[in-house]
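There are two complexes below, and they share chain A, which is joined by chain B in the first and by chain C in the second.
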Partner chain A sequence: MTAVGDNGGTSGTGGTGGTGAGGGTGAGRGTAERRGEGLAEALSRLAVTTGWIFLKDLRLAWRSPGRLSAVAMFAVLILLMFSFAVSDTSRLKTEAPGYYWLAILLSSTLYLSDTWRIEMQNRAMEGIRLLPVPPAAVFFGKSLATMLLLTGMGILLIPVMVGLYDISVRMGTALLIGVLILGAAGLSAPGILYGLLSARVRSGEVLLPLLLFPLEVPALLACTRATTLVLTGDPMDQLPAWLSLLTAFNLIFWSLCALLFGRLLEE
Partner chain B sequence: MAESGTAENRAGAAKGFHWEHLIGLIGAGLLLWGSWTGLFVLPPDRFMGDVMRILYVHVPAAWATLLCFTAVFVASVGWLIRGTWGWDVLGEAATKVGLVLGVLLTALGSIWARPTWGVWWDWDPRLTSVVVMLVAFGGISALRSFVEDAVQRATWVAVASIIAYVNVPVVYFSVKWWRSLHQMQSSPKTVDGDMVTALRINAFAFLFLGIWFIVRHWRILSIYRAEEVSEEPPEAGLRAGAA
Partner chain C sequence: MSRRQGRRWTLIGVGLRIEPSSFTMVIGANGSGKTTLLRVLAGAWTPTRGEVRLFGRTWQEAPLERIALLSHADHHYDDLSAAENLDIHWKLMREERRAGAAGGASGSVSGSAGNGSPGGERGRLTMTAEGALARVGLWKRRDDPVRTFSAGMRKRLSFARVMMKGPELLLLDEPYSQLDPQGAAFVDGLFKELRESGVTVMVATHQVDRVAPMCDRAILMDEGRIGWEGPSAEGPSRIHPGMQE
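What follows is the complex of A and B.
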């Protein structure tokens, strides 16, 4: 798991050795170049290993479509239940973005629990720990796969929402999918981190929402407001502010979770 | 597990007079002084009247809550870097004290909001972010009861606390980022000089009382943690600090 870090360290040591031979500024430049090469090598290795983990998760999802369709069915069911719970159909129309994102959030907990549950079976987790890849690659790979699958599920839910709640997408479906991608990213990174925690404790399914939902409040708020604007139009040009909030949320949590994920994987 | 005799000795170490009691006494004295000044010496606010006097405890409670969660963040980083039990115990103690102060802050704010805003609660960004922060740290407090292994629990809680700490700057800056119902932070620029003095006295009172609660809780939790991991309680540092 420390292979990338080791590569970087080796390059640095090589550069120090070169100082004695070359001397002066030239040797210093050589050290900096080698460090840069080491960093580039580490990043490309991270990207490749992330790609492998990402493909592994997609392959697992592809091999057991029943799991994914159950999660999607649960999301559809939530949309349906909201239409039964709210008798006033005009309210359904105005509050549709909130129901849509709640359906995605609630069903994502099912997927997140499941994606780590299968890693716990047959000692697969030990295999992941022993992989010669940085922990960040495991985090990014699984988070990206989750993001893609949640986006796919969200796209499937759009016609259901449009049909059930009688709404129209004024600013175009492409923009709605853009919001969906950012929102799915916001759910994925903290979700994968807390999913790992909850999969390893008793009654973890209770713990996951307890930890995840408070964290997701800003993302849920931004997603709901942005979706409302995409559906109803944005005469005051408020959409960029909500998309910026979502982007900032993603940048903070993707980097923070990637940084801390290794400690959780080790314990 | 440690022997019961050792446990009694450790329990004895938590009793008796420690330096934190002095801090607690000073804190209690300051709270009496600040509250007396706020309640009986200073005049009522021109617009809010006597209702404003609750701010002499509400605002210091808010500062103390944020400081407690900052201590949780520092303790979490300390545990992840150093791996000594003192950091984990400090994190647990500061989380609990922070939650108690946070609930007090919210209750005081609600009591103030009813006559001022006309409602007990409003989904204003400041209020919402405070609730999110409290629920996040409440979830982390619950996480401790889910994990049996002490090392695993300490690491998981530290990681979750660092992530939850992202809420703290959001709470602080929420009134600047989203201008809404809640007023800007109270400072000498926005509050009259005499009123600032009462606020400062109570701010130090809450700070000292917070330290007292945390250190007391730290000592008690250290005993339990030492029993759990069969190690000496990390009290040496505190005693050295007192000396």
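What follows is the complex of A and C.
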């Protein structure tokens, strides 16, 4: 056994974070109130810490604009290559949403590999983990930053898609951006989890798409179908069903990935 | 406690007890397990077998906010400035200290733009990011990206980070490496201050002659095992001359 300083010091931090609700009318109620306050405080702290991690990632992205623009340029190039590869303009128009989401998915792997490369360089993420910071805060902070950056890139790609494929947005750009936000959320949470996994192994950049793409099939399908309906119109009122599928995918994967992330981050 | 990395056991049946406020020197040849021992105690690496208790708690529940590690990997973001690197850590630590304070823990990160003076509590060297930068002599370079720093400056920034945390257990892995004479003198001064503050310190080093007089105890690591332990004054005689830098 290896022991350090276990002299029973009373200055431990083992508390639950509750400040105590004094003067409760009954012991049970007092405990429940304290528990409620403790949970509220814990959630508030998680939100604040998530915010700092989120801002840290945005600051890192801002400090190296070259990397971000390379990711965006890669997405533009994919759209351009599809326009060269598919000569039939009517087919190009019909399949534009698929090309658009493939461009976002493929370029997201570049960003995900890069963000974890930065975290692994100098073991910077280890420094954050040992402060200590709750793994859930790291996961949510990084996922939200990824989601924001992918949404931004997706917005930039809309005029490129409209110009290259000669399409119009029938149901409005705001709705398209709504689909984009849900889709970016669907790509970012599993992306951050698998990005960490692949960063820990040799040739992780190759492994990341192999792990991520099969998982993203339902999200990609829902995003493409929803985008098609927004672009061409929705006479059969199918859009809510696809958006519900996307929302369910996000709820499941954001919760599941947050639970698994701590174990992966540990070592 | 033992740890395996890949196929190799890097720590084999290590059993030791570190007394509060003690200074322990960890010596040994390259690859003997010094760094692994410190990293396991810091919570960075899991022990494969056995038990580690830190401040009376299991390794999984170790109070990491009371422990700081200065390692070969400096934990900095190269694209951010020195001040931004410390600022991120300071803000994240502040939230954790608030959580600890609510549970009755000691020590909070000082909110004032202090000059880096030690905190009043036992084992606390609590200071702001600005104070820590001034203390390690990087104030003038605070806005420069860390990627422009020399190895010695990066080391100083690492010292600023661990000092800001104000740990009760400080684990230092080769604290003198890459430092100029001025930086090395700074580390000597820091040791004295830590001693007065009652911080528990473990130092893995090849600078045995320099560190031995400042420590109470020495541990000689030999191929993952504790080869010898005793008074630090005897440390230099136990180590092969070729091992020293």
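Note that in this section the second predicted complex is superposed on the first by the 242 of 267 C-alpha atoms of A that agree within 3 Å, B and C clash if a C-alpha of one lies under 4 Å from a C-alpha of the other, contacts with A are read in each partner's own complex, and residues count from 1 in each chain.
Keep this in mind: a residue touches a chain if its C-beta (ideal position, glycine included) is under 8 Å from a C-beta of that chain, and two chains touch if they have at least 3 such contacts.
Source: prediction; values computed, not measured.
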| item | value |
| --- | --- |
| Which of chain B and chain C A:R202 touches, first, second, both or neither | first |
| Partner chain in contact with A:R59 - chain B first, chain C second, else both or neither | second |
| Chain B versus chain C as contact partner of A:T49, first or second or both or neither | second |
| Per-residue touch tally on chain A - higher for chain B or for chain C | C |
| Touched partner set for A:E126, first chain B, second chain C, both or neither | second |
| Which superposed partner A:R263 touches (first chain B, second chain C, both, neither) | first |
| Partner chain in contact with A:L210 - chain B first, chain C second, else both or neither | first |
| Chain B and chain C contact sites that coincide on chain A, given as residue numbers | 266-267 |
| Touching residues on chain A, where the partner in the complex is chain C | 1-9, 11-19, 41-42, 45, 48-49, 52-53, 56, 59-60, 63-64, 118, 121-124, 126-128, 130-133, 266-267 |
| Touching residues (chain side chain A, partner chain B) in the complex | 190, 193-194, 197, 201-204, 207, 210-211, 213-215, 217-218, 252-253, 256-257, 260, 263-264, 266-267 |
| Partner chain A, residues of chain C touching it in the complex | 1, 14-20, 40-47, 50-57, 61, 63-67, 69, 71, 73-80, 84, 88-89, 91-93, 95-96, 98-100, 102-107, 145, 161, 165, 168-169, 200 |
| Contacting residues of chain B [partner chain A, same complex] | 80, 128, 132-133, 135-136, 139-140, 142-143, 146-147, 151-152, 155-156, 158-160, 162-164, 166-167, 170 |
